[in-house]
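Letters A, B, C and D mark the chains in the order given here, with residues in each chain numbered from 1 onward.
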Amino acid sequence: MDSALIPKGVKRCPLWQFLLFIGAVGIVLLWGVYAMLLCWFKGLNQTNMNDYYGFALWIWADLAVIAVGGGAFFTGLLRYIFGKDVLKNIINYAVLIGFICYSSALLILAIDIGQPLRGWFIFWHANVHSMLTEVAFCLSCYFGVLTIEYLPLILENRQIEKVPFFHHLSHNMHEVMAVFAATGAFLSFFHQGSLGGVAGVLFGRPFAYREGVFIWPWTFFLFTWSAAACGPCFTILVTKITETITRKKLVKDNAIELLAKISGWMILTYIIAKTMSMWYWATVTAPSKGFTLMEFYSNNPLYGIWIVVAEILICGFVPAFILITKKGRKNPLTLWIAVILAVIGVCLNRWVMVLQVMAVPVMTFDHWAMYYPSWQEVATTILPVAYGVILIAISYRYLPVFPNEAELNPIEPVAEEATAVESPVELEEDLKPAEA
Amino acid sequence: MKYNKNHRFGMVIDLDKCTGCGSCMVACMAENNVPFRKDESNKLLSITWMRVFRLTNGEPFPKTDICYLPRPCMQCAGQHEGHSPCVSVCPATATDYGIETGIVSQIYTRCFGCRYCMASCPYHSRYFNWWDPIWPTGMEKYLSPNVSPRMRGVVEKCSFCYHRYQLAKEKAFMEKRRELKESEYQTACAQACPANAITFGDLNNPDHAVHRMVNPDPKHGGRPKNPHAVRLLERLGTNPKVYYLSSRNWIRQAGDNHLKNEAKIKKPVHHG
Amino acid sequence: MKIGRRGFLSFVIGGAAGTALSPLPWKLMDDTSIWTQMWPWTPVPEDGEASYVNSVCTLCPGRCGITVRKIEDRAVKIEGMRGNPVNNGGICLLGLSGLQLLYGPTRIKSPLKRTGKRGQGKWDRISWKEAVSMVVEKLGDLRSKGRAHTVGMISGSDRGTVPHLFERFLTAYGSPNFFRMPSVRDSYELTLHIMQGVQALPGFDFKNADFILSFGSGIIDGWGSPVRMMRNFSAWRNTGAKVIQIEPRLSNTAAKSNKWIPINPGTEGALAMGLAHVIIKESLYDNGFIADYANGFDEWKRLVIDKYDPDSVAAITGIDAGTIVALARSFANASNPLAICGRGDGTTPVGLSDCMAVHALNALAGSINNKGGIFAVSDLDYIHWPEIEMDAKAAVGMQHERLDGAGSRKYPNSRYLPNRLPEAILSETPYPLESLFIAGVNPLYTLMDTRPIEKAFEKIPFVVSFSSYMDETAQRADLILPNHIYLERYEDVPRPIGMLQPLISLAKPVVEPQLDTKHAGDVIIQMAKGLGGSLANSFPWESYYSCLKETLGEKWEIMVEKGFWSGSESMTKNLETSFDTVSGKFEFINPDSGSAVQYKPVAVEGDRKSYPLILIPYDSIRLAPNSFVGDPPFAIKTVDDSVLKHNDVFVEINPKTARVAGLREGELVLLSTPIGAGKVRIHLFEGIIPGIVALPRGLGHTGSDDYLDGKGINVNALIGPVQDPDSGMDAAWGIRAKISKV
Amino acid sequence: MSTLDDHAKEMIEGAAHETAASQSTEGTIQKQDKGAGGTIILFFILGMFASLIIGWVIFPKLLYSKKKQPIDFNHAFHVTQVDNGCESCHFFRADGTFSGVPKLDQCIECHEEIQGIDPNEIKFVEDYVSKGREVPWLIYSKQPDCVFFSHAAHIKSANMECVTCHGHIGESKSLKVYEQNRITGYSRDIWGESIAGFKKNTWDRMKMDDCAECHQKESAKIEKRGIKTPTNRLIDDIVHVVSPWALSTVKGSSVQTERDACFVCHK
């Protein structure tokens, strides 16, 4: 049964091993689910959020996960609209990762709101002036698009494909995929942007507030740009991790390098824009409200101004320069460093734009509130990670995620025992990402 | 100044008179069915629509000075009447700005608890119901039918006792009137204040005390012309409807953020 | 089989499509969301007809008029009564929280008889009939044994019909032991008695005063009638009257006043004398008054001039001489200056000499019975009852001297000294106390150094409490006869202390009694009837209601309607007739002791070496310190997190002192005094003299509700009483203390 | 998804497999597919039909519980007995609040003791009047406690008729069955009279939108402008988004909605 589902021409670890791995990650998943149920049935008093930290870990996780999920729409854009054919070998995986990120985002939102059963009000009673409305609409629409993009991959499963109906369905869907890619790119531009807008429009919160064009503050564009820039890095990162775990080459270097190069330039341009916006804000916006740059970073016992250094220098310019240089891209080590830094960078940015904003006192007699998440918050935030790992594992095992896998790893008869012997080691390695 | 048919209900709080007794806080809680819990000492979780902040000038003994600052919802109008920080961000239109009264509403049954409005409010005037409201057996007897008790998971805030406006209007309708007298609509805090520090009324109505006290400047979003009056965080452009009077400079300075070269005196520090 | 699977699949798809086209999912979605808006466990207050009832709040001595909003038969909100002479619409947070007491869990639901050991909390519910007959039996037995005088009664007040009924009962029964809880009123009454020879209450003309010199009185921290005082304070803001606050700590009053002068605690009397020195030396005093209406001025003058020059006073008080001189001048030069005393909210007396010194200042400024000054006002005399019928037993009983020694040779002028009771009870001198009745007070919490009082209670065979709440005292009673609370009962409430305008307010049932409680007045009458004979004859009324109605006479109607009766202020007193002393003049010399007004330091307990710091209590109105009830949930919710965090109270300490001791903000420490110790947290506060630490009153309650219990510690348990040799009153203002890390 | 070109390749491979794999079964597969087609449609229709029945017929029956009023009441008769129409019993209090369903002490005026032979009246007098118990009427038009509805504003100020919203209850000879939504606990008259959501009369439904509908008509009259359809309201909204200052041209007393401010009817 199991072997019948596995794509032709590729080898997979034995079933028991696979199940063991799924089980291990599953435990983490269940822990998260338990925490989730607590939050739903007992209310948000299960968290450490408070009236000063209405937005906290969850919203950060949401923004971060969507940012790194940006790889899907951007790769799609490059592949279908700009016709970068080399990327066809990574696009499937990009879509899968995107699908995971966005479904996680929606799940987290469902936990984060105080009245989940009324969540649909955001659509039914929508207030078009609110950035959050824009987010909700685009987010769910784009999730739909991702599902459609993910579907043909499922239909390509060896068994399902046998059904002519599904076979043709998937075939035909491929034909029109460009349309969805375009739609996806369009939607993403808006919801990535409006997520930036979420903080940017808060003119009551000088640290979050950014001027801009129309109702769109600079953060709107910065968020879209940074997602497009760092999303692909996450795709590369996950690909690399998968390759390490499976100890196979899954994607041809040319695809990786092209993606790396493009996002390198994206990051560079983004980080320059970001620096400019920050400069403008520090010298014009903030003073006009009676604040100085440092007032937003002092009082913070943990990191202070260093978070800026980390975000812009270490996790901004450094990866950018690595990725735009041929040497940097080609050298596996530097590539690793670059993509990791880039991903950290964008996550840091979201952290600052969500939590720092909450922490900074605006009234002169108010004080800097500190916040640390409760275990329920942590568990529910790890939940999507576990879910992602499982979905990747299953997809990788049963679906032709990597078109060149067979070609890159031809099966010699010896291989069979080889896996059997190596399997325990492989298992251990399997577990790592689940906890990480 | 020309009389505007729309009201802009606002509040003037005389900080020289405020004794920090906290009666406004309790008057508000008692009027608006605000719940309470066993331990309310964590003020980041404590629902107080009206909260009295304690300011000190940070000077050493014996130059120390204390000032109490009651903070209701500022009912911000924003730059363009109605563009309040919180109202514009609510994704479900659970809060809106009434142009007839200038009061920012909060509809508990519409709110689904995303807390975006709380993030947008620099005054921390908005509170989230982290817990189900529970009253000790028997105590729910004193709950007022004029304000609906909130359920867990929604945001609530000061409403300028809007229900009192509703009731006053009903009485007026019976008497075939449409306009209210100044005394007919007063908030619970203003009514209770033992020190007469809180004055409430229509800022658009030249005959009302609040208007006379601060003399709002319509050209600049109602900025007070009275030199002893300030609004909190004036520079953010939130255009609040709560004004503070004080004869002490450091307190007026404390109303807004100033750069070193602007502010002559030390910034006050918040204790508790 | 294959078909089966596909068929099923399409069946499901068809089902899904059909469901989507039916109202089911959409209606369900809508209804569930509506359900979240109406969760059955979220109460929905019932609507109905609104009505208002005028009454009076008796939770503190303030006596504010209240208007209670009702929906049908539920009280939903307490508001200040507009047009009431005391508070005219204003109301404090305690008054506003009244309904939480009415409907709250702290109330006693029926008469209770102790079954377990004292304070063990084991009770039997008994019927009122049973309860009253139990008391009657006990009292009858004592009386027949000729030990009537060994029955005592502590009441919150001695004014109004209910306290009068208590006193009347004791007299007719044959016991002189009626006690009133101490307050600064005692000091003032005594001062007026000695210096002006009158038995009167102090009355302050705050409306016309233009310079208020407050010796530590928390004018806006609960002193006198809190709301009334706050309204006065705001009025001064408008009139431009000056307020000078003299105390060791930057209280709210100090912060709000025009000038705060920090002073070493307990040395207020010295400052008063110092000011007198300057005023006399520079002859800034009211010549007219001194020449015509004062006696013994020259003798006093000599004493003041050679003993209290600014420098030596500066040494005592810690206020520099310059300030003293300046203060004296501005006080004397003001047109209507007024000096007042009574620390914090005035629930503790001050040393007689201190009070007299302050009063002497008023005399120098000519502010005695004068516009903007202090008046000796006689209490309203509206209770006219038939003569008490005294039988032999009663007469014999009344012959005995009082247990607390008030009125004895030692303390001839003092009227009530409940603070001396523990000592007397424990030493059984002059005689043991066999039974004690307690009404409207909580001595086990409010009297200083609570432990000996608890011990004393152990020695009393029969303790009866009229308390409506299970407070510290009620917990140690043998029998509880729960009174209606003020929102359920009729009672006349005379004007608050310090008020000039004649006023009687009427508390009346806003709602039906919620529990199986009984009016204390009715219980007393039934007790008397139960005992029969002369006692029964002395209580001719069939109920308290009829007694009250009869007493108030023609005032009744208007009081029921308005909630109060008020007369017109009578301030035009001609000074000729206002002094009842031997000399017929204002006395600078105490006729009893023959000694002139002077500063007598009240030493506090503890030696400097082992207790380097000094602990003083402070009063915050948010903690309802001057009430016999603990803070209701609403009130405790308003308390700052720099005063109370979770269950720990903060002790205020000057950063300098803290630095020396290496103490950090929020640190948990052990605060110990010669009397006791307790765990507290450190709060660095620049507004307190280095070396002094301050703790708020009103915390550390036990046996009330979950919202107050176990929060903080009771400062009264750390401070010991210090008996004032002149009056026998407890004149303690603090105690030596030390802070050690834990 | 993989891409066209290599998909083509796969298809060729796939075809190759099939031929190689099962020459024999080829025919059967064909047959199955034909037969399957029919059954699939059939099952699809079955499923759809079943669910439609459940959704439209069974579900509404389950959703509402039927409750009888404690005693029946003849409005038509009582109206003839009083001289001030509805307001004789459903009167306004001095403070402008509306008394709603009459209390016992109003009825007692006439029903001190039994007058007729009507079993309902007998029950009323015996069970309630004599015992001093209020009648636990089930109120068809009861709104949630978050709703503030001012009868005074509509009747006294706007001079509306009771009938406009409540229908011809005054002419009814008996009280209809009270249907309660098992989930929300509301009367079916608030919403659900027609499960499809259509309504013929004002009193068929009393949800927020129904209030708003009328209010918009009225304010449209006052401001002499057409009523906005949802679509052009959306367009307006977008205009507001792009140029917030356009807010100043907003109609209705709420800046955010095209309606009256939320607090007009909420508490």
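Rule of thumb we're sticking to: a contact is a pair of C-beta atoms (placed from the backbone, for glycine too) under 8 Å apart; a residue touches a chain by one contact, two chains touch by 3 or more.
Treat the numbers as computed from the prediction; the structure is a model and nothing was measured.
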item: Centrality ranking, top chain (CA atoms only); value: B
item: Between A-C and B-C, the pair with more C-beta contacts; value: B-C
item: Separation of mean Cα positions, chain D and chain A [Å, integer]; value: 42
item: Euclidean distance of C-alpha centroids - chain B vs chain C, Å; value: 33
item: Centroid distance [mean C-alpha coordinates] between chain C and chain A, Å; value: 64
item: Chain B-chain D separation of Cα centroids, rounded to whole Å; value: 36
item: Junction residues of chain B - those touching two or more other chains; value: 42, 88, 93, 108-110, 132, 145, 148-149, 151-152
item: Multi-partner residues of chain A (each touching 2 or more other chains); value: 115, 118, 121, 127, 129
item: Chain D: positions in contact with at least two other chains; value: 95, 97, 144-146, 244, 256
item: Contact set on chain B toward chain C in their complex; value: 14, 16-17, 19-23, 25-27, 29-31, 33, 36, 38-43, 46, 48, 52, 54, 56, 58-62, 64-68, 108-109, 132-133, 135-145, 148-152, 191-197, 271-272
item: In the complex, chain D residues that touch chain C; value: 32, 35-36, 39-52, 54-56, 59-60, 63, 93, 95, 97, 99, 144-146, 181, 183-186, 192, 195-197
item: Residue ranges of chain B touching chain A (in the complex, touch as defined); value: 42, 44-45, 53, 55, 69, 76, 85-86, 88-94, 110-116, 118-124, 126-132, 151-155, 232-233, 235-238, 253-260, 262, 267-270
item: Chain D contact footprint on chain C (complex, rising order); value: 2-3, 6-8, 10-19, 21-24, 27-28, 31-32, 34-35, 37-38, 40, 44-45, 49-50
item: Footprint of chain B on chain A - complex, ascending; value: 43-45, 49-55, 112-116, 118-119, 121-122, 125-127, 129-133, 136, 198, 201-206, 287-292, 357-358, 362-367, 369
